[in-house]
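Next, two complexes with subunit A in common: one pairs it with subunit B, the other with subunit C.
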Partner chain A sequence: MERAVPPAVPLGQMEVFQALQRLHMTIFSQSVSPCGKFLAAGNNYGQIAIFSLSAALSSEAKEESKKPIVTFQAHDGPVYSMVSTDRHLLSAGDGEVKAWLWAEILKKGCKELWRRQPPYRTSLEVPEINALLLVPKENSLILAGGDCQLHTMDLETGTFTRALRGHTDYIHCLALRERSPEVLSGGEDGAVRLWDLRTAREVQTIEVYKHEECSRPHNGRWIGCLATDSDWMVCGGGPALTLWHLRSSTPTTVFPMRAPQKHVTFYQDLILSAGQGRCVNQWQLSGELKAQVPGSSPGLLSLSLNQQPAAPECKVLTAAGNSCRVDVFTNLGYRAFSLSF
Partner chain B sequence: MSSESSKKRKPKVIRSDGAPAEGKRNRSDTEQEGKYYSEEAEVDLRDPGRDYELYKYTCQELQRLMAEIQDLKSRGGKDAAIEIEDRRIQSCVHFMTLKKLNRLAHIRLKKGRDQTHEAKQKVDAYHLQLQNLLYEVMHLQKEITKCLEFKSKHEEIDLVSLEEFYKEAPPDISKAEVTMGDPHQQTLARLDWELEQRKRLAEKYRECLSNKEKILKEIEVKKEYLSSLQPRLNSIMQASLPVQEYLFMPFDQAHKQYETARHLPPPLYVLFVQATAYGQACDKTLSVAIEGSVDEAKALFKPPEDSQDDESDSDAEEEQTTKRRRPTLGVQLDDKRKEMLKRHPLSVMLDLKCKDDSVLHLTFYYLMNLNIMTVKAKVTTATELITPISAGDLLSPDSVLSCLYPGDHGKKTPNPANQYQFDKVGILTLRDYVLDLGHPYLWVQKLGGLHFPKEQPQHTVVADHSLSASHMETTMKLLKTRVQSRLALHKQFASLEHGIVPVTSDCQYLFPAKVVSRLVKWVAIAHEDYMELHFTKDIVEAGLAGDTNLYYMALVERGTAKLQAAVVLNPGYSSIPPIFQLCLNWKGEKTNSNDDNIRAMESEVNVCYKELCGPRPSHQLLTNQLQRLCVLLDVYLETESHDDSVEGPKEFPQEKMCLRLFRGPSRMKPFKYNHPQGFFSHR
Partner chain C sequence: MERIALRPENWPGTADEVIRKRLLIDGDGAGDDRRINLLVKSFIKWCNSGSQEEGYSQYQRMLSTLSQCEFSMGKTLLVYDMNLREMENYEKIYKEIECSIAGAHEKIAECKKQILQAKRIRKNRQEYDALAKVIQHHPDRHETLKELEALGKELEHLSHIKESVEDKLELRRKQFHVLLSTIHELQQTLENDEKLSEVEEAQETSMETDPKP
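Up next is the complex of A and B:
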């Protein structure tokens, strides 16, 4: 197989270092701006890059439109998780959550609006924050990560109201069940736990690895991704990707995906998942694989659907993972192009 | 009538009858010529008017008589004959009158004509006179104007102005009283003064000339003296040579070198000057020498007259050669190529001594027709080096100086104009000839002051000292670091080939005390082989695997786990780090495309290399990276989560102290080693 060799560019020390950094970059998290025109991506070096989706999707987009408008060092450690409120971008990684104003973020030298650290028990190592969840009704933020607890923080006052304990190993992901305000959390210990926010107690526990249909011991028992549709929940990770009926805590459909999935979400009547392996997988609720669309990264860690009503022309699916690139899918059937750090 | 006729007859016969006035003249005439009847004189006497009347009357009479005769003849009669005869006699008389009158008219006419003629002649004479006079007048006028225009030579002489004249001239010349009034005298006086002055100046000039002669003679004498001094100085210098050597001040040697340096071509000369200057000023370990044949260099500049003499000979030779078989086209082309790639007979040699007594010998050549400089390098060490197999290319003369500056691989000629020259003789690239001619690196051109702007052919040889000077120091430092890092690698490779990763004591803190994984293999691989490996695609696509790099394969083993590491060593080591790509064979094949932890291990070694540099000059980078790789493999294997479904103990029990085994969404293993606490954590 003839491989196209790019011409050797004379590389000084700086260029080699930057090339190596880009090769070893992982994008962990993405978030869309409230106006829908910008996409923020956070990577393992602690940098956040803001891309202009409207510029990259417009008809006269050039190569420079696929580069970030601004890149800044947000955290000392990797940026594992980001969410957007209607005015702020909240990013979390190495034990802290920081807030940035979307209006200010495009200017160079942007400083964080505030930063908060939840009260941790251990002091030897600062635990990471793997997941952020907004609860709009209460105007609060839920953080979960390395210290195995869920912390709730009131966005107005900035105080940490509750700490929900129950997981025995660190928490990977969170999901919100709107109807009865419940939070689902999945962790390394292999369990999905449901918490009632009002009573601050664990309501239900599903130990996924104990169910034979979905457990895959050679991958481990960890739950990497969660999504919920009030009555239904889909989760995956070490065990296979499975659709659960929450009330009865039974697995209804097991999706035949061998590679562990790192992100899953409901979209219209489909379930989109991505994980180890290049592709974004589209599943029917019945368990059939509708499509597998390859991306450009060897493994994907995060999917983001831009469904902001203010920018219907930027309605795209973006996928990022083990590379410095964010794939943009305008149509779920194929990858349109990639934004790059 | 009869009186008239008698008058006529009378003058015919009588000569002396006439007016007394003309009588004198007539008499003179007659005296001379005897007796003749002058009718001319008579003409003057008679009145032409009366003669005309007479003529008319005579004609009338004749007509009448004829008429009468006619009458009579017609009537006939006796008396008619007498009457006719009478009348006939009368008409005869009239005829005679008419004849006379005719004669007189003729004479008058003649006279008139003569008179006119005379008058005309007179007028003509006057006319001629007038013309002569006019001509003379014109001539005189011309002469006058000429005279008026005449410029005497004296007016061309620039005389001093009047004031000066009166000021300077001595009174016996200027004679003011006379000259003031009389411009003629004034001019004369001025001319006199001019003459006087010129005589004086001429005198001065002669004096000066003689002075000059004297001085020239003196100069000659002194020159002789000086030239006689030269051989004596030479002998003194010869005598002082041993003293110089004793005192370590080799002035003579330097002098000889400068002599030879004069024959160097401009870029080599710039290099020589700059290198000597740098060596004397900054760096005592640099020594410069010139090698090659000075005579050949001198022969390059043969004067053109000789070649003209040769022309006739060469013409004769040409004719001869055409008769002989012409050399084949290939041989001709070959000769042309050789001619194009000809080197200048002189070359500059630089010796750089490094701290550990190893020496880098650089020989710089100048290719005359191509206008570029090339260099050949050789490294000699104080002690004999046993070259490990994998280190073959490290110190080879071909590649030791490759990419001293990024991208400067020395295989292409830096002068864009050479491409046109190459096309003429069929040379594709200089690459084929570099082994023989040396490498034309860009920094070599800069040291020789040759500046090639990109994309434009260079027309003139401009050897720029400032360009050379600014690059000299950086290049010398880079050369030294290059040689030393290569030698360090050389030693390290010897150890690596034996499976030992040589970690120096001052880098020991980077690693835990116990490292179980071992390096079992270290070999050099070819560039093509590296490109063929399936786990090196990313590096190749990022353009980091060019053909100027050196490639190696390392194998680390522990138990059943085998970790292959493909290493890209950039010639700019150690400022540019080696790049590792890993492939682990343990329970399946894991590379960075299917295992995030392998990716993290590569990141630990490639991206976080600055921690592994060790003390300057960071020659320990490669060995530290290899040691870290062993440590990483240990951590990876020991922290692998136990598969509950498989029976039996873990192959690698956990011995490393880790705070947490997994962290983050990608469940990273703790690869970061913390010193001095000795535990592993996540970045």
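Up next is the complex of A and C:
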């Protein structure tokens, strides 16, 4: 008896294109809405997708709840970083930063509120903006990226107030030290620089690659990720992931992780880090690896902890990276499910 | 007559309710109902019967049926009482469980706060440990101070020695200077004396060659 072979259904051009797009997608940045119920994710095609966390976490979640409620084309180039204020979503990519109203986006009206470009030294260069940082005390935004400078922009007036120069190569990441309003920036030149916002000067420089305990010359000297907890700082990337005591500029603990880490953050008494490799790593300050939870992407680029007080039921950790999926961890011990573009 | 009353079409109100109630109540089956009907029929027959003995036996039979009916009624009443008390009991247990659930919720919230506190404490302890490790690498302060003191003393001692040696040197130098200058003076004086004596000798010889003017 001949087995009936079903005729091959020709896939439309559009579907093939979309499948290829999803295959090659990288999600660079994430941001949680001020109400805590929605998550925005920006990818390398310049699109931003908004996922409803409350729908995906509810007990009657279906497959469609894990898809975005709205996707729109935000930038021409990749969206490297995003940050949320209490009403706006700010996204930055190749050279400019745009603002969107959360209320508008949730109603599917995707028109940008404003767009600004920091003053670059020459008009020919359009450097990418790798990191955005909000300074709530002075209501300003700090941008840093390819032109090796930190630009401060006042959010009310939109003017660029300072340009902090000191890095000799492009800047990867920023962190805010709350007690004394200082900004830490880490870049490709291997140095972590602390800037005082009031005097606009560089206060301290830590050249990570010069310290023997953590330097790994075969990986390079670039600092890919920074996080700070007022007295302490964690940084990683080319050199090993290390915990530093800022006052004395000494490396106290080196975390034994081979793969370069691309995002690190402090959480309660742990340090969470993610980078090349599927897992989200949880470290204790003493240097012990507490847990390694695998995600669904082959490499992770950003972690986001939803700690908004307005939505305690959506308190999750989301991780995204070299794929079109955003992993959601409801409990730090395992991956609950994945949202997908 | 009863048969007609028993037919469901003739029942007033909702048929379901009545059926349900009847089925529930009539736990004993059609026994009780039939017994009562039989009793009524036998009573009527007994009233209409003639002979004494039959009447007596029928009377006995009726009494027994009556007592059976009373017994089953008593049983039903007791069961009803029991059900009421069970209901009360269940109400009580329900309330207790609700209270303990609320108590457990509160305890959970307390414990969560305690966990956060404990995590903070652990973090502080680990930070302390990390700093302590770094500090351990550096040598002990007391020892370094002691070493510094010892070195200081040595330095002082050596400088004392140097001073005394220099003093001695100065003294010697001065003494030699005095000696040398005295020697020179003596030399000078001797030379002067020699010159004087030569001059005197020369004068004497010239006076001898020229005695008479």
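Methods note: the second predicted complex is superposed on the first by the 329 of 341 C-alpha atoms of A that agree within 3 Å, B and C clash if a C-alpha of one lies under 4 Å from a C-alpha of the other, contacts with A are read in each partner's own complex, and residues count from 1 in each chain.
Rule of thumb we're sticking to: a residue touches a chain if its C-beta (ideal position, glycine included) is under 8 Å from a C-beta of that chain, and two chains touch if they have at least 3 such contacts.
What you are looking at is a predicted structure, and each value in this text was computed from that prediction instead of being measured.
In the superposed model, A:170 lies in contact with subunit B only, and not with subunit C. Look at A:253: by the touch rule set out above, it reaches subunit C but stays clear of subunit B. When the two structures are aligned on the shared chain, A:125 is found in touch with subunit B, with no touch to subunit C.
In the superposed model, A:59 lies in contact with neither subunit B nor subunit C. Judged by the touch definition given at the top, the superposed model places A:322 against subunit B, while subunit C stays out of reach. In the superposed model, A:220 lies in contact with subunit B only, and not with subunit C.
With both structures placed on the common chain, the touch criterion links A:188 to subunit B but leaves subunit C unconnected.
Comparing subunit C and subunit B on the residues of subunit A they touch gives the larger count to B.
On subunit A, the surface touched by subunit B in one complex and the surface touched by subunit C in the other have no residue in common. Those residues of subunit C whose C-beta lies close enough to touch subunit A in the complex are 116, 119-120, 122-123, 126-127, 129-131, 133-134. Those residues of subunit B that touch subunit A in the complex are listed here as 406-408, 531, 537-544, 546-548, 570, 572, 575-577, 579, 592-594, 596, 599, 602-603, 606-607, 641, 643-646, 659-660, 662-667, 681, 683.
By the touch rule above, subunit A contacts subunit C in their complex via residues 231-232, 243, 245, 248, 250, 252-253, 268-269, 284-286.
Note for the complex: subunit A touches subunit B at residues 3, 5-13, 15-17, 19-24, 26, 28, 77-78, 80, 124-125, 128, 130, 146, 170, 172-173, 188, 217-218, 220, 222, 224, 262, 276, 298-299, 301, 322.
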